[in-house]
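Below you will find the structure I want to go over with you.
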Amino acid sequence: MPMIQITVPAGSLDASKKAEMIRLITDAAVAAEGIPAVRAQTFVQIHEVPDGGWGIAGRAVTLAMMQAALAAH
Amino acid sequence: MPMIQITVPAGSLDASKKAEMIRLITDAAVAAEGIPAVRAQTFVQIHEVPDGGWGIAGRAVTLAMMQAALAAH
Amino acid sequence: MPMIQITVPAGSLDASKKAEMIRLITDAAVAAEGIPAVRAQTFVQIHEVPDGGWGIAGRAVTLAMMQAALAAH
Amino acid sequence: MPMIQITVPAGSLDASKKAEMIRLITDAAVAAEGIPAVRAQTFVQIHEVPDGGWGIAGRAVTLAMMQAALAAH
Amino acid sequence: MPMIQITVPAGSLDASKKAEMIRLITDAAVAAEGIPAVRAQTFVQIHEVPDGGWGIAGRAVTLAMMQAALAAH
Amino acid sequence: MPMIQITVPAGSLDASKKAEMIRLITDAAVAAEGIPAVRAQTFVQIHEVPDGGWGIAGRAVTLAMMQAALAAH
């Protein structure tokens, strides 16, 4: 029965990654509930925050900055 | 006094349908509250989920798929 | 197909008003979409903000303050 | 980097199921992104909708009604 | 520790205003909590509602209408 | 014109801190917009996530755990 709203930076996920995110997250939610029948009523929406609108600790962090930080990591 | 956030697939509603949705949903909220004065403080935002980001039962469902299913229905 | 999240002050709506809000708002959304078949996939959640957590123009407005203002109105 | 807001009916998940939901859904999000480093910046919040505030196809569906329907299923 | 979701009309804030909004709102949240250490875990996302999807008192209010009203104000 | 939804762990803010959060965050939003007239249309809602429903990096983090970590910090 869960409604799952996922917020990501715009451009960070392409269509195939979104499909994978929906599949895997739905599987996870159903497994956590332990009731297979909730699958039909499990909904996922992936919202996108336009670049420049994502703030961490007071700083606007662009997608390019995130990707550079993850690459360096 | 209600804040109403509506999430729809991007491209599923044009400007006139959005205006109609705002009008009708505000009327409905005010009628349900039974207090006409709340109208001035009733806000609606229609968020759009980019195509490919809408999941039902673990599957990414595109706007084209939804429209085909509704047409067949 | 709309997902409708309604945010209201905690305690402002009893069970019967919530049921009425769900009914009327779903009817409104389906009418605005103009596609009766979307009804089955129209979901409403009524979230409650605990008293003291609702701000208008910088002031925390409690449910009692709102009800007094609406009564005076 | 995903922010994941999960909305469930109040009382439908106990503490251990919530912990399991957080664990499994974070694993799923990280796997879908394909970037292990995003785990540290993956946040999940489980919101609860008070009983009577969950609407499906225009009807207020209580937790008891949902559990009965799932049991019958 | 706060997660702050800000919803604004699309096009109402440019990149520099968004960065300023993130900076000032994070400062405000940290000051209100009174715990400097929460800064690292304070996240802001600025969502944009596409033009025509913003309703006030039942009317769809476009960005142009808002800007005209603010200018007249 | 911003709608600001703040999500915090339940019990982390008392009424006076919530009022302070609303005041300061509204001031910040208005200052960032640079248009004093938006104050009247700036709304803040402080949502609370019940204890046990807050996940960081896959772990359910309770309010007690957060407060201990902040104190140690």
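Note that the chains are named A, B, C, D, E and F in the order they appear, and that numbering of residues resets to 1 at the start of each chain.
Definition applied: a contact is a pair of C-beta atoms (placed from the backbone, for glycine too) under 8 Å apart; a residue touches a chain by one contact, two chains touch by 3 or more.
To keep track of the chains, here are their UniProt names: A, B, C, D, E, F = Tautomerase enzyme.
These numbers come from a predicted model, not from an experiment.
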{"item": "Contacts common to subunit C and subunit E (chain labels)", "value": "A, B, D, F"}
{"item": "Chain whose mean Cα position lies farthest from subunit D", "value": "E"}
{"item": "Inter-chain centre distance, subunit A versus subunit E - centres from mean C-alpha coordinates, in Å", "value": "21"}
{"item": "Centre-of-Cα separation between subunit F and subunit B, whole angstrom", "value": "27"}
{"item": "Contacts with two or more other chains, residues of subunit E listed in rising order", "value": "3-5, 7, 23, 25, 27, 41, 43, 45, 47, 54, 56"}
{"item": "Which pairs of chains touch, using the document's own definition", "value": "A-B, A-C, A-D, A-E, B-C, B-E, B-F, C-D, C-F, D-E, D-F, E-F"}
{"item": "Subunit D residues touching subunit C - in the complex, by the definition given at the top", "value": "7, 47, 49-50, 52-60"}
{"item": "Footprint of subunit A on subunit D - complex, ascending", "value": "1-9, 12-13, 17, 20-21, 23-25, 27-29, 31-35, 37-38, 41, 54, 56, 66, 70, 73"}
{"item": "Touching residues on subunit D, where the partner in the complex is subunit E", "value": "3, 43, 45"}
{"item": "Residue ranges of subunit B touching subunit E (in the complex, touch as defined)", "value": "4-5, 15, 18-19, 22-23, 25-27, 30, 39-48"}
